[in-house]
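Comments concern the structure below.
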Amino acid sequence: MSEAREQVLGAVRRSLRRGDTAETLAAASAATGRIAEHRRNLIPARADLPRAEQIALFETWAVQQAASVARVPDAAAVPGALAAFLKAENLPAEIRMAPDPELEALPWRDQPMLTVTKGPARESDAVSLTGALAGIAETGTLMLHSGPAGPTSLNFLPETHVIVLPAERVVASYEDGWDMLRARFGEGFLPRTVNFITGPSRTGDIEQTIQLGAHGPRRLHIILVGADAEGERG
Amino acid sequence: MSEESPRVGLFVTCLVDLFRPTVGFAAVKLLEDADCTVEVPRAQTCCGQPAYNSGDRADARSIAAHTIAAFAGYDYVVAPSGSCAAMLSEHYPALFDDDPGLAAKAAELAGRTYELVSFLTDVRGVTGVEARFPGSVTYHDSCSGLRELGIKDQPRALLATVEGLTLAEHADAEICCGFGGTFCVKYPDISNRMVSAKADAVEGTGADTLLAGDLGCLLNMAGKLKRRGAKTSARHVAEVLAGMTEQPAIGESAEG
Amino acid sequence: MESSARAFKENARAAVADPQLKRALSHVKEGFIGKRAKAAAKLPEFEVLRDAARDIKNHTLDHLDLYLEHYERKVTEAGGQVHWCPTAEDARRAVLEICRAAGARTVTKGKSMIAEEIALNDHLEANGITPVETDLGEYIIQLRGETPSHIIAPAVHLTKDLIEADFRAHHTALPPERPLSEPRQLVNEAREVLRDKYLAADVGITGANFLVAETGTSVIVTNEGNGDLTQVLPRVHIVVASLEKIVPTLEDVSTILRVLARSATGQECSTYTTFSTGPKRAEDPDGPDQYHVILLDNGRSSMLGGEFQDMLRCIRCGACMNHCPVYHAIGGHAYGWVYPGPMGAVLTPSLIGIEEAGHLPSASTFCGRCESVCPMRIPLPKMMRHWREREFERHLSPTGARAGLALWAFFAKRPALYHFVTGMAAPVLAALGRGRFRRLPLAGGWTAHRDMPAPEGRTFRQLWAGHRQGGSR
């Protein structure tokens, strides 16, 4: 194994004309420096907006990519909004929820008709409910990560994926999301899986016509919490 | 106008020289109308693209060296072809990366080389022509001119001032006609598919005449249109802009 | 994968004559070109982002050894394992060993061009392991025993009626009365069939669009979600990737992602971009127990530092082939190996040799449309020309063409002689042609399909001499 490693790296080094030289040392420090700094490159200006507009931009792009969005004033309104969504979509009142303390703390007893179970997705689960680390305004993308509170299978196996996103977690760019993760996990470390999700699953593989629900969820529904209040913060 | 009567060396191009001298004379007229003094250096032949694009770098270099010498000293070098102009301006310098002397000369030539129509509009500030061409035309954007030199609006701007002319754009005007120099004889099946699609688009406009700025493409498209028995004629855009359209269209004879 | 690139001309002729293929390929234009243009127009910074993306990759390639080492260290820290593979055979062997150690009987696969390059499916099957492609396009062509004809739309050469016939032939549980003529119905049918496969698989194999050195992360960019189901459900996740997929940081990958989806499908962002780092953590409720990266060289290291290094910037978006008139005419299979279109015309000779793939860089008009849309600003025509130069230097180009070129160059370098000959020829051709030729000796490639316009009469040179007293010299 290490022989193959040396073979590949040796070939790369030969092509790059590495040697025991000042240039090679400079190259090494350039590479480690770039990683340590992880400087931002050009970021599109489109999401550089006042809060209310930034949140609205997130919603616009999410909807444009076939997600649906419901605004609720506060966390307490989430179970009701979820029940209403399930009813409107003619879905069973049964959800598989991420074991996420934030979701567990919601007033589920307000919805006695709703069956809530927790854990990774099972084949039979029709609807999943998860949180999200961030909503990225520039493209209406949700950023989720794996961990005890976030089984990744919930994002892909059920036909309907519902995400609860507190509006204060809407940020402008992917880079803002990375900084949130670095703050949580440290420099240079990521959880096992980070998912960027933009709308429901789709395919264009048959005659280049877009069909939703290829293998992953057919529906992606976002419950956006406290957007109005967050927008007023300017 | 930017300067008094600049001295322009006309790069005739090998195809114009052999197949369609009218285009050369049209270029001379347009340049002289734009207050240029036009000369035609005798030592010119071809820009060297056939060799260059076939991987024959040595011959391409020696032809380029000839051309550089032949066009030394002119204020501008102008060609009635985006493809040949781009060869001089975009590709010659890279041919001499191991010969700083010639590389410098090539770069200097490149800096004063232009395609005819864009030279008229962008350098000489021409905004209109005195010409009449009753009928509808459609314009094919030849690839080198379009993508290497950014020629798109200039011919349309001047055509808009031709009396009696209407422009009917064809779908995919920016898509290659399938000429590609030796490509069309090396890969005739593919080339035929491409030129057939182009001919469909051109005929679809119902235009009387197809115009373009490159004779290579025009020979290809005219040849296809004639083979199909299409009514569409083909001419170099310079002929129309110069009002020199007495000559039968490309591939047509006086008897029709 | 076996190459039929030598037979390019025959492949192309057959492709052009295939009306079904022509119908299918019309969707390439409709499906991709307008969408890309719109997406690019909606982002004012798009062109500057292309420059930034190019610069990131150039920097990365110039420091590739260093970033590879850093990447490996981070993968190992996260509990994963990097398998360095100089050749395709090494990569096949490494995958098989991992599958065997896991006692695997079936593996699910996300879309991976590297898996195609190393002909992984054949190798697994020959060793008693069943690979199941889960990307819809890949699944369809696996049923048909075909290879992808496009790097992001593998089944673009097929029409829906052909796919319906394949499903009816292979899905034995499918009731004959169930309608299956619409894309929607075909997608649902595949979804249903593949569900069980994900759940049954022992190993999931995906490709990687990027490998991030900063964190030891592999990235896949997809729309269907099949790649995610492939990697989250089985016990073992294998990533097959080539070494130029490295980017330094999460910021760098973010920049390139902004040009990737827009260039590929015209989406603002692909539906799923997934960043995977090592196996599941101790407290994770799901995810694979093992995480392996098959890191393939297969000739790429020798492209570094030379005139084909720029090709290693390629992010496999497919924009070059989507915009290529030659690809539109013949589709992907005619190119004869894994990578079709302009990017294939440059990459294939690098990986399997110009002796084998000489036609590919020759079969271009240099129209330049590929370069004009390449998000990484790869000078594709320039590099095709470099291949023609290699071919010419090594006397691999056809003798007839070389002789013709040599004769032409002989005259082109001697202006007096040149003008003497053309001056003689023009009037003769004009007199013979009377406007145009329907047939012409030595120009059969031309006159098979079109007329050859005849010269007007005398050359410009002759007429100009009469018109004025010659030029200044």
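Lettered A, B and C in written order, each chain numbered from 1.
Just so it is clear, a residue touches a chain if its C-beta (ideal position, glycine included) is under 8 Å from a C-beta of that chain, and two chains touch if they have at least 3 such contacts.
From a predicted model like this one, the values you see are computed outputs, not experimental measurements.
*Asks:* Relative to the centroid of every protein C-alpha atom displayed, which chain's own C-alpha centroid is closest?
*Replies:* Centre-most chain by C-alpha means: C.
*Asks:* Which one of the chains is farthest from chain B, going by Cα centres?
*Replies:* Looking at centroid distances, A is the chain farthest away.
*Asks:* Averaged over CA atoms, how far is the centre of chain A from the centre of chain C? Could you give it in whole Å?
*Replies:* Computed from C-alpha means, the inter-chain centre distance equals 29 Å.
*Asks:* Which whole number of Å gives the spacing of the CA centres of chain A and chain B?
*Replies:* The answer is 53 Å.
*Asks:* Quick check: how many Å separate the C-alpha centres of chain B and chain C?
*Replies:* 32
*Asks:* Which of the residues in chain A come into contact with chain C in the complex?
*Replies:* Checking each residue of chain A against chain C gives 1, 4-5, 7-9, 11-18, 27-28, 30-32, 34-35, 38-42, 44-46, 61, 64-65, 99, 119-121, 123, 139-141, 146-148, 151-153, 155-157, 173-175, 178, 188-209, 211, 213-217.
*Asks:* Which residues of chain B touch chain C once you look at their complex with the stated criterion?
*Replies:* 12, 14, 16-22, 24-25, 39-46, 48, 50-57, 59, 62-63, 66, 70, 143-144, 147-148, 174-176, 178-197, 219-220, 222-224, 226-227, 247-248, 250-253, 255
*Asks:* Can you check the complex and tell me which residues of chain C touch chain A?
*Replies:* 24, 27-28, 30-32, 43-45, 48-49, 52, 56, 59, 62-70, 74, 78, 83-86, 90, 134-137, 140, 153-156, 159-160, 163, 183-184, 186-188, 190-191, 194-195, 198-199, 213-215, 217, 223-226, 228-229, 232-233, 243, 248-252, 254-255, 257-258, 265, 267-281, 283-287, 295, 297, 301-306
*Asks:* What part of chain C is in contact with chain B in the complex they form?
*Replies:* Those in contact with chain B are residues 9, 12-13, 16-17, 325-326, 329-330, 362-369, 371-372, 385, 387-393, 397, 401, 405-406, 408-409, 411-415, 418-419, 422, 425-426, 434-436, 438, 443, 445-446, 448-461, 463-464, 467, 470-473.
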